[in-house]
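What follows is a pair of complexes built around chain A, which joins chain B in one and chain C in the other.
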Partner chain A sequence: MEAYIKGLGIVSPQKTFDTNDFLSEVVEHNSKSLNCIEPSYKELLNPTLARRMSRIIKMSIAASTVCLRDAKIEIPDAIMTGTALGCLEDTEKFLLAIIENEEQFLTPTSFIQSTHNTVSAQIALQLKCMNYNFTYVHKGFSFESAVLDGLMTIAEGEAKNVLVGGHDEMTEKFYRVCDRIGYWKKEDDVPTMELFESKTSGSIAGEGAAFFMLSHEKTENCYAKLRGIKTIYKPESNIEIEAKISELLSSKGLTANDIDVVVYGINGDCRYDKTYNHLKDSLFKKSTSTYFKHLCGEYQTSGSFAMWMAAKMIKTQTIPSAVLIGKNKSKQIKNVLIYNTFLDTDHSVFLLSQC
Partner chain B sequence: MDALIDQLKGEIIEQLNLEDLKKEDIDADAPLFGEGLGLDSIDALELIVLLEKNHGIKIANPADGKKIFQSIRSMAEFIKANKK
Partner chain C sequence: MSSKIYITGIGVISAIGNDVAETLASFEQLSSGIGELKHIRSRHKGVVPVGEIKATNAELTAMAGLGPDKESTRTALLGLIAAQQAVKSAGIKNIKELRTGIVSATSVGGMGITENLWMDYLDPEKSGPWLKYIEAHECGDSTEFIADALGIKEYLTTISTACSSSANAIMFGARLIKHGILDRVIVGGTDSMSRFTINGFMTLMILDKEECKPFDSQRQGLNLGEGAGFIVIESEKAAKGKEIYAELSGYGNSNDAYHQTASSPDGAGAFLAMEKALKVSGLKPSDIDYINAHGTGTAINDLSEGTAIDRIFSNKVPDISSTKAFTGHTLGACAAIEAVFSILAIKHNIIFPNLNYKNPMHELSFKPTISLKIDKKINHVLSNSFGFGGNTSALIFSRHK
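Take a look at the complex of A and B:
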């Protein structure tokens, strides 16, 4: 199962909306919660529909629109999205109204927009696209499941061009809830650009919406070839993780030595960085190491930011200095592997290669 | 009546997220649905809740809805006639 990445669009806490740019300017948030830098929606969204949309819906529609334009495709054969939290802001609004109004005077809009599949549905509504439409909600495997479905649909010949995306938003209330259970760092000052050096527990919160056009055919403007994906639920040891990665690589005729760059999901939480450090110092000690969560924060579908970064690295053959760990050992970027985990429970591996 | 119309305009802008509109942009006699403000069926539900929550008025007969929600003025007249 393989597919070409024909187009992409992303709204993130960085200035990533311009598809021609690749982290030429890095935004240092220096906060424990990184919020997206939103584009101007006026030319991207239908104003009648937009007035009811919450932030995550607007960000996702904008990212998917840019992705479609980048791929020069008007109507995709299928739309698959992954989200762990769905449209959280609308869910909170609706639930709060139930409490405040003692279960009376409930308005329909926030309820209608609060479901997890709202984004996929709104994209289809805007495009008038009646094709296959699916939303995956599997915590840290949400985006990965959407990608897997995209690859399988293309492999089975049921679709040629598939729009795949991942989106999750951070709200003030959800930040506070997660803070209570130790997700985020406790110290007041968190220099985000030094997240890799952090020796304390907890991470920084993030959010984002990223979309990719997966295609059966290679075109001149393709970013990269997505060659495979693997998910590992609660791995027992580093040996199991290494075995799964090697399995994926050998199925593509590759070894760890063929991987030029590894994108790690290092999030600055000393409880979970052991796997990354192990891989960096063993299996991939010859590869260039990079990371990304200091730029976008930690969230369940952050793998989509990593996939955007890997695709851009391959297409531009550059590695922005802000994402480098140590020295750049790669003369050429042919193969990039992403290793990401959410809370050491949901582990995922993506393999991308030059077209 | 003018004060009530002005109040309704504000409530509708807020409830329906008509961010780009100001009170003075809305014609009190213009149709709410189709032309005029171009509202739809979801907005109709929002307006029913608005009447009940902000003005304590329930629409007993759904068939009256078309007449009540003809314009902001017709809404104001309905409120004035039914306010306890």
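Take a look at the complex of A and C:
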């Protein structure tokens, strides 16, 4: 099960919307909650429709539209998205209206747009795409499940181009709610570029919408080859993690020594960095280490930002200095491995290679 | 890719029974589970009837064999109870002996608790052990709760495609087996009643103030329900020597791409889903003995679904009924609950009646089966589930030969 990434589109807290650019300018948020830099929606969305859409719907439609254009595909053969929290803003809006108005005088719009499958449904609706359509909603496995489904769908042979995406938004209220259970850093003004060195608990909140066109065939515009994905639920030891990584690598005829760059999901939370530190100092001692959550923040579908970064590194054969941990040891970027976790329960491994 | 998918275990909890035996008894007695809302506070209590499970969360916790300190969301508890039944009926002693995963589905997740605690979450002055429910809001939390209780670790995921969610969970689980990624998957879905959904459907004006009347020309809307259904599916090799309830022979997923909440009048998405399911199963429409329809009782669904069925079956529609007037519409769980019903239809050669039907819809060629039918051999059942966002899915269950 493998597929070529032949298009992408991403809205994130960085200036990532232009598919030709690759972090040429890094935005330092220095905040505990990183919000996306939204593009101009004018030529991407019908203004009448856009007025009713929440931020995450607009960002996702914009990202998926750019992805379709980048891949030169009008109608994908399947659409699968991952989102842990769905359309949070609409959910909160309807919930608050129920509470404040004591279940009276409610209007349906925010309820309609609150369902987790709103984004994949809206993409289908706008494209009039009647093909396979799925939404995965499993915490730190949401995007990963969509990716696995994408690979399976391509392998099944009927679908040639599948649109796979991950999207989650953070709201001011949900930030406060998660803060109560220790998700975020307590210090004020966290210097985001120093997140890697952090010795305290908690991370910084993030969000984003990223879409990829997975294809059965290699094209000129191909970014990278997606070789495989593995999820590990509540790993009991580093041995188990290493075994799962090796299983994925050996199934492709690779060893850890073949991995040029590793993208780690290090999020600055000292409670959760042990796996990353272990892998960095053992299995992938010789590989170049990079990380990304200081750029996009922590969120359940952050694996989609990592996959974007890995694909761009392979295509451009460059590693932006802002994502490097230590020295760049790679002359060539052939194989990139992503290791990401959410709250130490949902771990995932992605393998990407040069086309 | 040609391997078969065998069903070796089933479990269900809904307004018509806490297990398979109680469910069958309710069907035989034509006893609907629709009644007055009891377990949640709502202004609409007494106004809109619902299909509620007759147990408090504390009682459900005990039913799942957990101590009071392990109480979770109603969604998670219902899911665990149905999944435990499925695992037990499959005779699974050691869940880790095969590569076993879980694919669950839910539409509301932990909303049933979030809606009670939301203002307290936002008030830093208030604190308590209930803060643990913040993480339970996420849909995936109920799946992890079930997986942890059953000892499943190999693969977990959760699907939410509104009212078709658990059909897609069953489909994805089957594909994981066909790709050789897993040997066995516990697949299904769970959803609990919440003010959020009651009020949401109220604003859409599609809740019937009386018991719902699927496929009746005078239908006024749906009744909400709650519940969970899980089935154990295994590869041919893994199921060897085991009792097999039925096979999952076909599945199809499509999108209506017509409107965010309403189905297209001609049921284009529904048609495609059924067509794909038939193609995967290799069956002809005339092979289907019974259709367990989505049949919510809303003006739009029943017309759209009925029209698509007429087209697929060229107006020669086999026995068909909606069981929603028994259970209410259990949203993300309905396809899994109805999968269990479909499997029971095959196992016991039984067709469940479509309650509350009197007036035929002039747009459709067929009338649903309105009394319990036990005189026909059932080999193949088609089960439909459609949701907001145009998500349309169809599953086909077949007798194991």
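One rule holds for everything that comes next: the second predicted complex is superposed on the first by the 355 of 355 C-alpha atoms of A that agree within 3 Å, B and C clash if a C-alpha of one lies under 4 Å from a C-alpha of the other, contacts with A are read in each partner's own complex, and residues count from 1 in each chain.
Everything that follows uses one rule, which is that a residue touches a chain if its C-beta (ideal position, glycine included) is under 8 Å from a C-beta of that chain, and two chains touch if they have at least 3 such contacts.
All of these numbers come straight from a predicted model, not from anything done at the bench.
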{"item": "Which of chain B and chain C A:125 touches, first, second, both or neither", "value": "second"}
{"item": "First (chain B), second (chain C), both or neither touched by A:112", "value": "both"}
{"item": "Touching partner for A:51 - first (chain B), second (chain C), both, neither", "value": "first"}
{"item": "Touched partner set for A:138, first chain B, second chain C, both or neither", "value": "second"}
{"item": "Partner with the higher number of touched chain A residues, chain C or chain B", "value": "C"}
{"item": "Residues on chain A lying within both footprints (that of chain B and that of chain C)", "value": "104, 106-108, 112"}
{"item": "Interface residues, chain A side, partner chain C - complex", "value": "1, 79, 84-86, 94-96, 98-99, 102-104, 106-108, 111-118, 120-122, 124-125, 127-139, 141-142, 145, 149, 152, 155-156, 173, 176-178, 180-181, 231, 233-234, 300, 345"}
{"item": "Residues of chain A defined as touching chain B within the complex", "value": "47-48, 51-52, 101, 104-109, 112"}
{"item": "Interfacial residue positions of chain B with respect to chain A in the complex", "value": "15-20, 38, 40, 42, 45-46, 49, 52-53"}
{"item": "Contacting residues of chain C [partner chain A, same complex]", "value": "1, 42-44, 106-107, 109, 111, 114-115, 118-119, 121-122, 124, 127, 131-132, 134-135, 138-141, 143-144, 147, 153-162, 168, 172, 175-176, 179, 195-196, 199-200, 202-204, 253-261, 268-269, 272, 387-391"}
